[in-house]
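So that we are looking at the same thing, I have put the structure below in structure tokens.
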Amino acid sequence: MIVVMKKGASQDAIDHLVEMIEGLGLRSHVIVGTERTVIAAIGDERHTHKESLESSPEVDEVVPILAPYKMASTEVKQEPTVVQAGGLTVGGTQIGMIAGPCSVESEEQIVETAKLVKRCGGTALRGGAFKPRTSPYSFQGLKEEGLQMLATAREETGLAVVTEVVATDDVELVAKYADVLQIGARNMQNYRLLEAVGNVDRAVLLKRGAAATVDELLLAGEYILSAGNPNVMLCERGIRTFEGHTRFTLPLATVPYLHQKTHLPVVIDPSHGTGHTYLVPDMASAAIAAGADGLIVEVHPDPETAMSDGYQSLNFAQFEAMMQRCRRVATAIDKTI
Amino acid sequence: MIVVMKKGASQDAIDHLVEMIEGLGLRSHVIVGTERTVIAAIGDERHTHKESLESSPEVDEVVPILAPYKMASTEVKQEPTVVQAGGLTVGGTQIGMIAGPCSVESEEQIVETAKLVKRCGGTALRGGAFKPRTSPYSFQGLKEEGLQMLATAREETGLAVVTEVVATDDVELVAKYADVLQIGARNMQNYRLLEAVGNVDRAVLLKRGAAATVDELLLAGEYILSAGNPNVMLCERGIRTFEGHTRFTLPLATVPYLHQKTHLPVVIDPSHGTGHTYLVPDMASAAIAAGADGLIVEVHPDPETAMSDGYQSLNFAQFEAMMQRCRRVATAIDKTI
Amino acid sequence: MIVVMKKGASQDAIDHLVEMIEGLGLRSHVIVGTERTVIAAIGDERHTHKESLESSPEVDEVVPILAPYKMASTEVKQEPTVVQAGGLTVGGTQIGMIAGPCSVESEEQIVETAKLVKRCGGTALRGGAFKPRTSPYSFQGLKEEGLQMLATAREETGLAVVTEVVATDDVELVAKYADVLQIGARNMQNYRLLEAVGNVDRAVLLKRGAAATVDELLLAGEYILSAGNPNVMLCERGIRTFEGHTRFTLPLATVPYLHQKTHLPVVIDPSHGTGHTYLVPDMASAAIAAGADGLIVEVHPDPETAMSDGYQSLNFAQFEAMMQRCRRVATAIDKTI
Amino acid sequence: MIVVMKKGASQDAIDHLVEMIEGLGLRSHVIVGTERTVIAAIGDERHTHKESLESSPEVDEVVPILAPYKMASTEVKQEPTVVQAGGLTVGGTQIGMIAGPCSVESEEQIVETAKLVKRCGGTALRGGAFKPRTSPYSFQGLKEEGLQMLATAREETGLAVVTEVVATDDVELVAKYADVLQIGARNMQNYRLLEAVGNVDRAVLLKRGAAATVDELLLAGEYILSAGNPNVMLCERGIRTFEGHTRFTLPLATVPYLHQKTHLPVVIDPSHGTGHTYLVPDMASAAIAAGADGLIVEVHPDPETAMSDGYQSLNFAQFEAMMQRCRRVATAIDKTI
């Protein structure tokens, strides 16, 4: 890292910083500029209390040079990770297509939707059994009963099951039924939960928090990787900005950025990323053109009666049309769905 | 709520919406404008699946009229809630002053800091024993040992103990030692944790998530209130914006806004809200002038050696000076610290 | 619009609002709900001082129902506007491709780049002669000399010329040389300038301000349209958010959103929208897949020596590769470049 | 500045960068780390095309060390600048209080308001004669007639006149009547206008753009300073964030931050910064407690009939109460209004 001293910093302060840096097990290198002195601290800065350097009264700022994550980095592993979970493959030239309702509502609803997803070429079924809801007055999910319905739908179609887990206590139960454990945006920095799914033999779909930086997303992934689970997919589902015409702002540049920084595959959620059904198909196509390794999309047999997220769910005809368009775009960039 | 139909919506669509609205147990009222038709839906909209109305293809948007929270609202309870926990009072004309280190590091460190806080007029001691850290490679706290040190500091000074709980499994343990359970910004929407602290006989300091709207904060508070715990303090600790010269952006207008919408007291955290020691005292004064019911501030005997957050911690001399300034500002608006 | 009264608003206050609304030339309609009274104000709210209604002490909020823009709206003109300017067509199934350096630096540089753009299938040449620069110490452009070089490049290639105008005083001069006048993001709300380009017989490329809402962009377009110039292209070039890994955040959902709200064509700028060369080709492809009517991209014969924006400029080989990829994606959605 | 090479950068690339850096007139210093090589470039980086270094394919990023502005910096001038214009003093321990309506509407309105402002202890009168309005359909101001009314109000009260200038063509005219030229947020990066007010013998109140970084604000100030006008006041009026309950987010930490970085005085606008009358008094008090050198506040004899901004204007009684509270807070921090 680079420690930038304030203008006119005293020699004593510089000496003191050099001592602190070397006390952290790093080498130091002082560069006297025309207006400022900077000190380069050389070595692996990840395990040090580097923040404390910024507390020094004559230090202006501390600029990290190395990425704070390690196992997730392309600097450690260059070949892209391909995650496989049941019928779902994400990574490489195969685009994984995960679709289904926001909430599992009934066996009929989930099985019917699964059959559509399968028929249109999807490879995994999403559906929430444990629902984290902003309001305590909203529907909270069917819980284990919902998980059983997902398993039934898997039996009928062969689709992999992707479903959210919201608490460490539920990890074992959800893992019993699911192929992929989803960590929702609101739990991206629930570190106990990250550690728990890091200890389970299931792939993980880790959603970016709405205000999380990409580095924070990668560090959340690092929690799972360092707990021993290498099957992590990162999911961009939109960030909070001043934009009001979409529920979140979906920054697709995350896809090529992450592909440069990490070997983990990147999935895009155009449903939460826009919050409006009519925006989903164009953004799904765009995500594929941007290089996404997978999509996760909300589909419901009758969005008007959905118990959650109807306003951003595709009906069956819309999903079929979207799949056709996406397949053509995928072909144009030499990938397949 | 108000359902705005698209331009040229058909009579059939309008009839269908009226039927849906009445199916939700609400009354409807159709208003034909010069360019658009809108339908007012009258009744308590909080417990309904109102989102589904937005899925209707001829609906442009649905505008809620009522606040989504209820128990937290001044419409339900007008007199301000005063939270008392050990020596700490927050609400009314008494400003609660919570101070202490980011992490509990040793008995000597926490007791020494507690004595300073007490001497300067603080009423509660903060200190993290369970630390949620962005990186898995950072110091994660002393856990129960840290809680015991906090209890020792309380015995020596009489200060109330405020400390974070990060997992439902720990709630009972932390409640054994703490007067106030802090829910950190990253856990503001960890609903299981909210329910867990809602079931405990301890006051709760609920921090706003960095991308949470104020309505979402109030709904998170509603989870705790509706689980049966009325002793909730809301804490503004800064939001994520494009600003880079502060770690977060501290919007003090939250204080008078919340005072209009909710009876719950409002605490400001100028340490996380700015991320730089030298900005803390001015923002602490400003928070008081804006009407904050309490402050939570990071103080450390030697910030340069702090295991976390040294860059935003005050040393003892800075804290003393800040307290003097804050006390004068409090007097100017007829409050006391 | 809908005027939402505060809880418990008096009958006097309601009567007063009704009077104010009718004084604005609108009809009013009072709806008494279970918790709140709301008043619908019916009629064209665009020309009224509707803001003043919010000043009334017993009013909680005023919710507009109609879009604030009119001439730009699909409610007024449904068929998409196709803008033609010299060799450039933007709108319909033809994607307009505008490319060139950030700044015109020399005749050789601009002519050489123009030839490449032409050869790769581009239809317009961009290049700045008047440069608005954040720092007074940065290169400010070659001014009229630069415009002449652009005209030379047009003569050699037949490409249309797109160049920025930064002041009303320069509009006539720039219009003498350019086919399309570009209004930069920093001038999106320079209303005098908008009026000036509204009075000129040249197409206008209007860039969205980095913190402008989409409604504000459409209102800025409305300034130009209402001054008499119908040839307006809207350009999304990224917004300011908390994201630090890209210079701006490029929200491609703007494309389908605008296509629903306005008949004006939509151009995407992936160069400013990302700020990094390596992200441009993927985001260009994504923009096309999202339905963009045109692209504007920075290309330079030798980005390392560029006088501005080298870090986000493609070199010639990169531009050629990008064009090939974009053409395939365009074909996949039944469009042509 | 610090040039960070990519991992595994070749010696050739490093040599090439050293050559480029030295070609810019800077000295270079190569530091070989354990994972990365960085090159320190030493010298005044402000006048160089440093951006081009980032275009080099083996460069990861370029980190500037020096602030991009110079004349505005405390590194060049340490003692705070005190701006005086007619009866207004901003800077030092005297807080300047600027108040008045958004728009000048009539002689009676502006003179009446001026008398109130004077009586309550204000030192300058604000009022817009040229109004930049988001919609072309909104009231655009009384223009020269409005300026004359402001001059009349000055004659009657002795208050300094602060009014906005929106175009270079108007600078001379506005300067004839005004003591302080205001540059609005939407024109903060209208560089021609900045240069024009830099050439006039009038103080300038420069408002921060809603998406401008503080460095960009200081560079905009630098345009004015470097054109020869040293009487610049910086004004924070709120930024665009995801917050919806206030019109803008008012980050008061800008005050102590700017006081550390620049000698220019800092004025806060709590009216635009919140957008709601009822939030203004608390935020005005908070601004003073945070150390602001001045306030600019919207006051109107009858906000319900205001032609603009009524929803954020104080009536006379509210303004009087605010002034009393502000005066007490000012005294508490040893300042006077």
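Which chain is which? They are A, B, C and D, in the order written, and residues in each are numbered from 1.
Please note the rule applied: a contact is a pair of C-beta atoms (placed from the backbone, for glycine too) under 8 Å apart; a residue touches a chain by one contact, two chains touch by 3 or more.
Please read all numbers here as calculations on a predicted model, not as lab measurements.
Shared contact partners of subunit A and subunit D comprise B, C. In this assembly, the chain whose C-alpha centre lies farthest from subunit A is D. One finds 38 Å separating the Cα centroids of subunit B and subunit C. Between the CA-based centres of subunit C and subunit D the separation comes to 26 Å, rounded to the whole angstrom.
Remark: subunit B and subunit D have CA centroids separated by 31 Å (rounded to whole angstrom). Residues of subunit A found to touch two or more other chains are 211, 239-242, 244.
Residues 211, 213-215, 239, 241-246, 249-253, 255-257, 260, 273-274, 278-279, 282-283, 285-291, 325, 328-329, 331-333 of subunit B are the ones that touch subunit D when the two sit in their complex. Only residues 2, 4, 7, 29, 31, 33-36, 38, 40, 42-44, 63, 65-66, 75, 240-242, 244 of subunit C touch subunit B when the two sit together in their complex.
Contact residues of subunit B toward subunit A in the complex are 20, 46-47, 49, 51-52, 54-56, 68-69, 132-137, 139, 166-169, 186-187, 189-192, 209-211, 216, 219, 222-223, 226, 239-240, 277, 303-311, 313.
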